[in-house]
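Every chain is named by a letter (A, B, C and D) in the order it is written, and numbering of its residues begins at 1.
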Amino acid sequence: MSAPETAPRPLPPALAGLRGGLRTIWTHRKARIGLIVLGLFVVLAVLAPWIAPYDPKDNSFGRSLAGSAQHWLGTTAAGEDVLSQLIHGARISLLVGFGAGGISTIISVVIGLCWGYVRGLPGEVINFVVNLFLVIPGLPLMIVVATYLSDGGISVIIAVIAITGWAWGARVLRSQTASLRGRDFVEAARFSGERAPRIIFREILPNMTSLIAGGFFGAATAAILAEAGLEYLGLGDSTIVSWGTMLYWAQNSNALLTGQWALLFAPGLCIALLATSLTLINFGIDGISNPRLREGSTGR
Amino acid sequence: MTGTETTTGPRDTPGGEAPLLSVRDLSVVYEPVGATPTRAVKDVSFDVGRGEFLGLVGESGSGKSTLGFAITALARPPARIEGGRILFGDVDIASMDHEQLRTQRQGGFAMVLQAGMNTLNPVRTIRQHFGDIFAAHRHVAPARREARAAELVRRVSLGPEVLDRYPFELSGGMRQRVTIALALSLEPQLMVFDEPTTALDVLVQHAVMDTIRALQAEEGFTAILISHDLGVVLESAHRVLVMREGRIVEDAPSADILHRPQHEYTRMLLSHFADPRAEHVSLPGIEAPEPAADGPDGPDAPAADGPDGPDAPAADGPDAPAADAAAADAPAADGPGRRRPGAGLELRVEGVTKSFAPPRRRAAGVLAVDDVSFTLAPGGATALVGQSGSGKSTLAKMITGVEKPTAGTIHLGSTSIGPLRGRALRELRRTVQMVFQDPYSALNPLSTVEYTLTRALANLTDLRGPALRRRMLELLETVGLTPVEQYAAKLPHQLSGGQRQRVVIARALAADPQVIIADEPVSMLDVSLRAGVLALLRDLRERTGMSLLYITHDLLSARLITDDILVLHEGRVVEQGPTAQVMRHPRDEYTIRLLEAIPDPARVHGA
Amino acid sequence: SGCSLQIRSRPDPTIGPDTMLVAGDKGTPTFTANFNPFHANKRTAASILYEPLIWINPLDGELVPWLAESWDQPDPQRIVLTLREGVSWHDGTPLTGEDVDYTFRMLQDFPANDVAGAWGRIDTLEVDGRTIAITLKSPDSPALPVIGQTVIVPRHLWEGVADPSTWRNEEPVGSGPFQLGTFTALQYTLDRFPGHWQASSIDIEHLVYPAASEELDLVTKGYDWAYAYMSDVENTWMAANDANRYWFPPGGIIGLHPNHDVAPFDDVDVRRGLALALDGRQVAEVAAEGYMDEASQSGLLLPNQEDLLDPSLPERGIIGQDTQAAIAAFEKAGFTYDGTTMRTPEGEPFTFAITTANGYTDWLRAVQEVQRELGAIGIAVDIDAPQPAAYEANLSSGDYQVAVGSSNGSDAFQGFSNLMSGEYYVPVGETSQNNRIRYRSAEADELITRYRASVDEAEQSEILHALQRLFHTDLPVIALYYGGLWGLYNQARFTGWPTAEDPYAPLQTYGSSPLLVLTRLRRAQKEAS
Amino acid sequence: MRYFLQRGGWFALTLWAAITLNFLLPRMMPGSPADAAIAKLSQNGPVTEETRRAVEAQLGVPDGSLIQQYVDYLRQILSLDFGVSYAFYPEPVSGLVAQALPYTLVLVGLVTIASFVIGTLLGVLAAWRRGTWMDALPTVGGSFLTTFPYFWTSLLLLFFLGYVAHLFPTFGAFSATTQPGLDWGTVVDAVYHAALPATTMLITSLGGWVLGMRNAMITTLGEDHVTFAEANGIPGRTVALKYAARNAILPNLTGFGMALGGVVGGSILVEQVFGYPGIGFLLFNAVTGQDYPLMQAIFLMITVSVLVANLLVDILYGILDPRTRR
């Protein structure tokens, strides 16, 4: 379509909605804190090679040193700089959080929306598959899949977490889709000759942005925690530098016994902070999808 | 500013005693987090005397409910009472603490909420609802509670067996009655009814209003009836407050409102009343075809003529003049190859029946449509009327191929619609289109008008590129949304209800359909917007020659734009014939009841 | 470190001076009563409840007479053992040749119990009184330690058992210096067996085995004896108690195991290039925090097996890092090095994957160091770390390029043979537990056959020297550093522990080691009690 | 009737699929049970071919085609005989599970229920007193604690309260010298040992329930029937509990069902850190030891209990929500 441009066009609605959404999140006090913390972590991750004082894998320093001017948080049992590892670890956690969170969100969106839209046997089949994934125990399944795919590095962890983590989201999205499906504009789109995929993804999907965003941040939080758990159990890729592997190595080298405090304390705290920031953002998103949840008091 | 002036200063009430409720300079503001505050009620003052029946009318969003909540001390954040006083008897309700407020609910003021369907706790039986209230106030001795509850439901014309039911086991009308009975159990001095009948069916609405009127007369409580339907209010209330944009613009006895309306807004509201049974029926901007019109085709019906009396408010600018604009622009909108009247296909419905599987185990199946036959001639307009659940929408769905008939056939020209699937069904959309009931939900809130129309055009026509966009703008012009460029870029929430419905109609027109099915296209719109949309529909039919199946429970609008009518009752056609004739001389008892149920202020206050 | 929270051990004051707290059995996390000494999942203490014919020192393979008081190998195909007199079972029944006979018959009938594979070598076995005469299937002098390590079980109690390979033997009756005391799911105890043939040299009354788990526990509970790799042992174990000591002798060689069926690792110049490019000392430093030494390419555990070492090997067989020589070796193999990238003869950058097992942290550290050092001469190494089971499966079936592995133990010949003998060769895809590197060398096979046929110590020693030279020049595996035997002990209550100066046994808490150690330990405060 | 048949049919199908998945999943893992056993043995030195053969013979490592194994497996399930564990050979799987299950049921089960009850009550309170500290504390505090990695919280508690302050035992479910029985001393001992793991699980799971209930409750509080109840002067407590909470709890029941069903799976990380002899620990060992029979039995137990818990919650839902009753 080459329409003659007459007036400056307003933002496409999806973008405008996003901007509006961001503004709403920002006005939410808790969510704002969350955004700021997340932003800090992102900056840390992106600029890690420049911010970090050393290469995180450089093991040429003394072993298990206490904090000092050279090594603020000391060194690991292998002689690596803890601070540098911590800074670089943000990359993995963010990657896993956004990667696995993103993938599982995409899966749950595709499946949840189709599930909510179709009726009859296909719906029952999807219901069955989703139930299966809900019923199969999560962490054990993750462990089995992780052992099965154990030599693929971080991408495998992302895949494992995504595969095991989408079902709940799909279920939530389904009920929302089913209710949107009953709205007239969906029927109207059908009367406009739209086909099912376009109705699902162009008409219904944008109306669930906040729900999906909420699901995404929830999934990202879960993914970050799951990655740390897997790494800690030694079922991940211990060659990478992530907060999870830091804890794994810390535990492995008796950081508590040697007084390598930072080594055990800092990565856990970082995980908690990052996850908290995502949860705080979700407070704001909850407010978008359910205006009643916006801050305020009930007057009681 | 006649209205506001008349309400300043205390006013003598019918009984001559001190007013029961006195509202002074009340302002209420909504302050939602992260959004701009809305002042919903602005400097409102009025008094209500003991035993008075006061009406409160105004269009949607004018602040009626907000006012109702404020005076019953139920305003909750984000609402905030910004200023003014509410005196109940001698007490300022702002000075009451939580517990005082709670205890005075008994024998004080009660409120029956809008959307009465949802005001009952879904997991408690009606008996438990009564029990909770009795336990909260202890104004009925435990031994008498059972009998009192039974008596109360009897007062609202229900049997004692409802006490053991859960809300979902009751129909909407029954629930609304239960709500009223619960409010009554508080033995209040003041009862605020917030649109007690809006969500209900015409016949039920009629019955519930009768109950309220009778109760008020018997119990003598003071009543405030909130409604957007001036007819309903005028039928019941002694005095009427007219509200507009948060202010009270007129405050006068009902008879005065009816006969000597002061404010132009009141006049506008009144102008949208007409009796469908009359010989000549017209509303601002639209006039019913003459009853003598010879045949269903009626292309010779007079076009909308002359200025339309009191105009629609300025807020909905493009709506009101739309009919004229469309009429004036008719030749321009007529592109090449546009069909002329009579060139289309005939829709034949023959012995169609639809039954649904029982919704729950052990329940009986539903016979939604039962052996319905009729013919919609090319260019004709037929109304399908009947109360809620009579099968109107189901019939529409079968005609559009969304549902398949259990028995019988539907033909459009020579095509049988029943067996169509997938691709063929999409093809059908080029000839049969639908205008949806609720313009607020029929448009995707995230799609611009341009997108909505463009998609329909791209899917249903062969137009592409600039031609497509041209046609899109043309459609907007056809439905009177000018300047077209400006409207094309808007999102639904930037449009009024009437404008939205025009977009919905434009979308239905995209494929140049030969049959348009309009399922209650104006029932969700304020009166002020209805006439415009109706005029547009009629006008379009006349210009393009498409046929119109108009589904409604509103007989007046059926009278205005259709030639023929079918009255549906429990899935069966009980009466059928030319619209004007059926309305003026109904034969079936059900049709008569439908006509009776139409609120008619004149009946009470004398014409 | 300036940490105020130094964890100190808190010995349980109720444990008497005659009682030893051993962190010897992990429990996962609780104990199941399984004292069948032939089971892989037996309780650790099963190895001291029952005794072998011959005690083998895991440090250097030295054979010590145990239930067999002496033995003889009249020719390479025959072994004659003489059973000790005066040995009795915990229930008082004397231990006789019949028990030995029963044990071997049982192993023959239930191969699942024949963990060492004795019947893979024995042709016939005759017991006559105290004499056990064994004929081997072929000339096989190294079969002695394999057969000799068999533990003997009492016939009178085992005979009635339907299937000794699935029997859990919950109330064990053995011949060892200790017998089972109490047993709970979280802890069991052993009591001194007064009727033991060495009872006079056993000074400890009770052994307590709690289901310990983590290093934190080891350090805090005040164990007398533990076996664990303890990171930063000086600041943890040693700092927790003034009497805590450690001794980490070598117990095996950790090296790179190239798959000889995969090019270019079939090329000795490539293997030499890899060996020369690596700094074993640095790898040991990184992998074992400097507690272990760089391994000798002789294939021997040094200094344990110093007396077996071929004196002609330069630097005691240690191949130091020599980057120039490494590059030269690669170039000899047709590789090219342009200062940044090592290219194969085909011109491709030389990259390969090293397989290690997930969770073996020291190996992982070692590989990471190897990766760094090879990276310095333009060789890119990928790390492949499947779970241990998958690692084992990959190695057995030859599904790897280069792996980290442990080889060469206390028995020097067995080490060479298991690794290099062509008789174990199977092609990639078939599985074998021996010679997983798929090494084939006529010279090695010839030396191994000759050794088996020899009962002459001097000849055996000469053959071992030749094997060491072959190991050194042909580099079937590239030795990196020694795997340690991580002994931790406390000398406050018991003395006489093995040390580097008196390396009579390693400090393993599992296997037969404790049999010897427990007979040497003395109470420190005998008088006081 | 049709409804029940349909429901039962899907239930059976899901169960069958889960059972089949339980069969396939372990077998998809690379390496065999023997490999896992050898990996464990080889930590004590190189393992020879002879040893491998003995180990394989001992474990009776599955042979026969996959189909044959599958048939055997189904037969085993029908006869509720799960065979002998590989990792704990020759312990029967049923014995191992029976030994571990009580600990997990008591620890994880009680904590899950307590967490749901406390969390839900706090959520009700938070929503009812919205905007006050009674809202902020449980909501923000709860969700902050929820974001802590489980095992990390466990480690910190273990270290400070266990090792540094010596307030709590650091390992296991009872004292080493206790012979587990049903006397008072054992119970006290067990509670003492369960205190730290329980605390960890409680504080890390509470937030979820608080938040879920609070949000549902706030939504319900905005509904008309609550406003109407207030308009009728029904006291706050009744409105909060019988009107708002009663309805708001319904959506949370599904989550509770899942959690309850997951109880038998134990809590791998927590049990691992505290050396708690429950199913989670057992499962972890089963997985790392490629113990097919044990894994299958535990997985089966988990799937069945999740399914059954969901069924129970459906029934409960029916009792609490009259709308679903007919």
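As a convention for this text, a residue touches a chain if its C-beta (ideal position, glycine included) is under 8 Å from a C-beta of that chain, and two chains touch if they have at least 3 such contacts.
Note that the structure is a prediction, hence the values are computed from the model and not measured.
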* Once you count every C-beta pair in contact for both, which comes out on top, A-B or C-D? -> C-D
* Asked: How big is the gap, in whole Å, between where the Cα atoms of subunit A centre and where those of subunit B centre?
  -> 45
* Asked: In whole angstrom, how far does the Cα centroid of subunit C sit from the Cα centroid of subunit D?
  -> 39
* Separation of mean Cα positions, subunit C and subunit B [Å, integer] -> 88
* Asked: How many angstrom between the C-alpha centroids of subunit D and subunit A?
  -> 23
* Asked: Which subunit C residues reach two or more other chains?
  -> 5, 7, 216, 386-387, 389-390
* **Sequence positions of subunit A contacting 2 or more other chains** => 147, 150, 256, 295-298
* Structure fact -> Touching two or more other chains in subunit D are residues 29-30, 159, 163, 236, 288
* To do: Identify every two-chain combination in which the chains touch.
  => A-B, A-C, A-D, B-D, C-D
* Asked: Given the complex with subunit A, which residues does subunit C contribute to the contact?
  -> 1-3, 5-7, 215-216, 219, 230-232, 235-236, 240, 286, 289, 358-359, 361, 364-365, 368, 383-387, 389-390
* **subunit D residues touching subunit A - in the complex, by the definition given at the top** => 10, 13-14, 17-18, 21, 25-26, 28-30, 127-132, 140, 143-144, 146-152, 155-156, 159, 163, 215, 218-219, 221-222, 236, 258, 261-262, 265, 268-269, 272, 283-284, 287-288, 295, 298-299, 302-303, 306-307
* Please give the residue numbers of subunit C that touch subunit D in the complex, ascending. => 5, 7, 10, 28-30, 32, 34, 38-41, 58, 111-117, 120, 165-168, 184-187, 210-214, 216-217, 220, 251-252, 357, 386-394, 396, 406-409, 415, 418, 424, 432-434, 508, 510-511
* So in the complex, which bits of subunit D are touching subunit C? -> 29-33, 35-42, 44-55, 57-58, 84, 87-91, 96, 99, 158-159, 163-164, 166, 170-172, 174-180, 275-277, 281, 285, 288-290
* **Contact footprint of subunit D on subunit A as seen in their complex** => 30, 124, 127-128, 131-132, 134-141, 143-144, 147-148, 150, 221, 225, 228-229, 232-233, 247, 251, 256, 264-265, 268, 271-273, 275-276, 278-280, 283, 286, 290, 292-293, 295-298, 300
